[in-house]
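In the two assemblies presented below, chain A is common to both, partnered first by chain B and then by chain C.
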Partner chain A sequence: MLTFIIRRILALIPLLFIVSVIVYGLILIVPGDPAITLAGGEEATNERIEEVQQELGLDRPFLVRYGEWVGNAVQLDFGNSLYSDIPITEEIAERFPKTLQIAGGALAFGLLVGIPLGIISGIRPRSVSDRTVVIITSAAIAIPTFWLALILILQLAVYRSILPSRGFVPFSESPSQWLEHMILPWITLGTLTAATIARQLRGALSDTMGSDHIRTSRSVGLPPVKVVGKHALKNSSAPVLTVVGLQVAYLLGGTVVVESIFGIAGLGSYVLSAISRKDFPAMQGAIMFIALLTVVVNLLVDISYALLNPKVRVE
Partner chain B sequence: MSTPSTPGAAGAPTGPLLEVTDLSVSFTAHKQTAKVVDQVSFAVQPGKTLGIVGESGSGKTVSSLALVGLLPRTATITGSARFAGQELVGMTTRQQREIRGNDISVIFQEPMTSLDPVFTVGNQLTEAYRNHQGGSKKDAMARAEEMLRLVGIPEPRKRLAEYPHAFSGGMRQRVMIALALINSPRLLIADEPTTALDVTIQSQILELLQELQQEMGMAILFVTHDLGVVASVCDEVSVMYAGQVVEQASIDEFFAHPRHPYSEGLLRSMPHSVPKGERLRMIPGTVPIPSRFPTSCRFAGRCPYAQEACSAAPIPLEQLDDGRVVRCIRHRELVMEARP
Partner chain C sequence: MDRHPHPDPNADPFVTSGNAGALDATTEIERSVEGAWAPVMHHTDEMPGHVGFWKRFRRNKVAVAAAIYLILLILAAIFASRIGLQDPDAQNISEINQRPSAAHWLGQDDLGRDVFARIIYGARVSLQAAFTAVALALVIAVPVGLFSGFVGGWIDLVLMRISDAIQVIPALVLALVISGVLGPSTTNVAIALAFVFTPGFVRLVRGQVLSVREETYVEASRSIGAKRGFIIRKRVLHNVASPLIVQAAVTAGFALLAEASLSFLGLGVQPPQASWGTMLSRAFAQVFQAGWLLWIPGSAIALTVLAFNLVGDGLRDALGAEGRN
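Up next is the complex of A and B:
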């Protein structure tokens, strides 16, 4: 098991290398030169632009700049923001907890709603309850996040003042207000996750329910709680885990929309403003951080495969 | 509770352990109903083995799984199946669960896929034991180890901690047998338990089943298409064709003098009943699908002895003086031999 984990971790190195090339290479693709922006935009003189370029090191060859950036990034130093001149790592550290709270809560919502729906639907395919769940989840997948957010805000915050429409209150300040502010972002972001998990579990579970070993479990007289809850669910968990891994990436990216709708200063809105300000170091740092996070989550998914399926451990 | 509440049945020395009378099973799909098993009757004596033989599609597996409620929900079961005085047909699912794995156990055809791949063998065995007997995990583990030893698995204590993929097909079938017998059932339904195994492993498993039967005293309902297997393990045989019983006899009588043309055909199709160098025999044609079962003799289309009368009216199951049962209007005039 330990060698399995070590092998998987080593496999991440080339992956992260490729990601870093793409992230750093973005600077070549994205239109606009940060030096021009910093030098004063349209009115900047050529000398001023060259000066700024030298300050930022932009006059040096790409590979040299990339090497230096990677060297620092490995030590979690992404440089300073061009806009605020604060170390990017500090800015991420300040904003990321909020994003984590949104994404984590949305994932929890997705699991809490998606798993029961998937079970209801998967144990008896083509029944009335299954068809109902399929219709609901299809709708949930089709609904765009921003539209869902607006409807929720209108219904729950504007027409009826049940929940606040935007903002963030730290948990340490007031747990109840924190919860009130988090509910709408969680539902907004978690609905697609719930629907995706439900559908994946439905497919896996309905396959498993028809398998020989489930018949065996029934033949020894186990009650449905054990047949479904223990044997069928554990056997159906691998595809669901895959989807959870993919959903984490979606949730981290999805916070960009949710944070700007609900006015929460998290990592998503940080990336968004970094892009609009052509703050390349901030952009690269934040994206690299999100990529690292995604890769780590997928590593955890891989490890849990091995925990769930004894055969994977052998291979 | 493994003792049935019905009076007079449990300890009765005479009378069958399982008596199936006019059992019918139909499946409904897309508003069409197909009667897959049609008024089947048979009896299993305590401690004895009844073989149910027939080709694929004869309804032999369906009629045995119907007894313990292991058929899909779309199945409708009518008739009667009395097990130790208890009526199995029409039982609630809760009652069925109490009997399943406890008084009546099942082993299946597919040893490779019949065990749960993500739980250890020990986990599955102890779960089955504690489901009916309760008790501590430790006691259950001891019982599981005893069962693995009983079914001939070396180093049982060590193997309890392993997953099914670490076992070969034959070993998995042994584990499956241990799982089925861990609660000392009175009836074991063996649904083609050796079909998926190598010939050498087959005979080992058959021997094991016979040993365990002597040791534990359970009756076996042995579902198979293999007459060779029937000859070596069964006391009686019930031949099924297209959802009906066509012949019932004790093993010796059956192999010496089959009474039904289908039985004769099956016996003559056994590879070793043909002299070396000659062509293997077979019954031409296939079993009709349930929705096209004829109302008259269902075998007439493939029968070498068929006459007009065979296709005129339903053929009754006839009880003969010597205790045998046969469904053929010509059985008195025909003289049939197992070997051509």
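Up next is the complex of A and C:
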């Protein structure tokens, strides 16, 4: 098991290396002279252009700059923001907890709603309840995440003032207000996750229900609750785990939209404002951090996989 | 909103084995979302599978309805200027935020512009961006995927690692960043999305190449001295075409969604040009005055994405049916 984990971690190094090349290479596609464009284009003052040039070391060769950047990035130092001059790592550290609360809550919502729906439809494929779930999840998958947010705001915050339409209150300040502000972001972001989990579980469960060992446990008279709860669900958990791994990238990407609509200063809105301010170092740092997170979560998923299924360990 | 399909025929067996058995229409949708492509379709020489293609596709009424909707939408978008629509940019300050009426079927927005005309003209921009993105991704991905699968070895390894790396960055974030760096415009959105979609297509093509390469009939072609180019054209492309068409349909839906998100966030199509995303962001700014305006572009996006997915499912069933029973 330990060698499996070590092997997996080692495999991440080339992957993250390529990610870093892509992320750092973004500066190569900036139209025109990067220093002028990043300093604000036509209106940029000569001072500002020089400042940007200094800050990004644009007068030195690309590979030298890249080498320095990676050397620092390995120590989680992404330099200072062009906009605020604050170390990017500090800004990320301050914003990330909010994103974690949104994405974590959305994942929890996805599991809490998706697993029961998946079980309802998976244990009796083609029944009325199964078809209903399939229709609901199809709709949930086609609805754009950001539109769902807008409609929820319209219905629950504008027409009826049940929930606040934007903002963030820390848990330590007021748990009830924290919850009020979190509910809409969680539902918005978690709906697609719930639908995806429900569908994946449905597929896995309906297969498992037809398998020999489930038929055997049924025929020897085990109560249905026990058959599903103890045997069928255990065998269907692996696909769900895969979905959860894939969903992490979606959830982190989705926070960009959700945080900007709900006005929450998390990592997602940081990426967005870095893009619109042409704050290159902040943008690179934030993407690198998001990629690192995705990779780490997928590693954890792989490891739990290997714990569930020993076959995976010796591939 | 990473609805980015990850079509990887070599994906972990868990993903595909889960639903390899039940191949009813409902599980199909799910595969289109997760992109786990299970059935490997082998067409032999003249693709007898295509003989009954229309017959099979027609049987799926939902897919047919979705296809008709898409065709009508595309035609309306192409001929928008000739089908008697009102000027999408004509403002009428005395009639702002008007609800639907006989003169304005979907009402008027905050500048008194006709929403119906803007939806159709918006479809033009949104569909164009989506189709360009998918076409561009295919043009890059098919040769790269074929090359990677055929050459194998370390080149294949490097190309696959690059695909992995691109897919580690959430699709929406990557598209936002590329579009933002290039400077937001309709063309640059399409370029950004094409970049994001390419790895998925590369994997799909490469996977098909790998699975076909060892088949007896390909081996036989090789043994009688067929050239590599001939094998690729005659044997491999035939097998790649079906899954690729399906994947392209589903990806077009995702591209539409992504374009709308980018434009909504201000990093895609730029106002005053109407696209479904910019219409939504404009409507959201008016949420307290005319919240109902949110429903129209949003439903247009949702319906069209759903239609692309349903057509994709229909194509999948119609193209791959002979491998099933």
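FYI, the second predicted complex is superposed on the first by the 288 of 315 C-alpha atoms of A that agree within 3 Å, B and C clash if a C-alpha of one lies under 4 Å from a C-alpha of the other, contacts with A are read in each partner's own complex, and residues count from 1 in each chain.
Methods note: a residue touches a chain if its C-beta (ideal position, glycine included) is under 8 Å from a C-beta of that chain, and two chains touch if they have at least 3 such contacts.
Every value quoted in this text rests on a predicted model; they were computed, and no experiment measured them.
Look at A:291: by the touch rule set out above, it reaches chain C but stays clear of chain B. By the touch criterion defined above, A:226 reaches chain B but does not reach chain C.
With both structures placed on the common chain, the touch criterion links A:218 to chain B but leaves chain C unconnected. For chain A, the partner touching the most residues, choosing from chain B and chain C, is C. When the two structures are aligned on the shared chain, A:310 is found in touch with chain B, with no touch to chain C. Once the two complexes are laid over each other on the shared chain, residue contacts for A:196 go to chain C alone; chain B is not touched. When the two complexes are superposed on chain A, the residues of chain A that touch both chain B and chain C are 309. Every residue of chain A that touches chain B in the complex is listed here, in rising order: 211-213, 215-223, 226, 230-231, 234-235, 308-311, 314. The touching residues of chain C, when paired with chain A in their complex, are 1-4, 6, 12, 14-15, 17-22, 24, 26-27, 29-30, 33-34, 161-162, 164-174, 176-178, 180-183, 257, 260-261, 264-267, 280, 283-284, 287-288, 291, 294-295, 298, 301-303, 305-306, 309. The touching residues of chain A, when paired with chain C in their complex, are 14-16, 18-19, 22-23, 26, 29-31, 125-126, 130-131, 134, 138-139, 141-147, 150-151, 153-154, 158-159, 192, 196, 199-200, 202-204, 206-207, 210, 236, 238-239, 241-243, 246-247, 249-254, 256-257, 260-261, 271-272, 275-276, 283, 287, 290-291, 294-295, 305, 309.
Remark: chain B residues 68, 70, 96-102, 105-106, 108, 110, 113-119, 127-128, 131-132, 163, 165, 176, 179-180 touch chain A in the complex.
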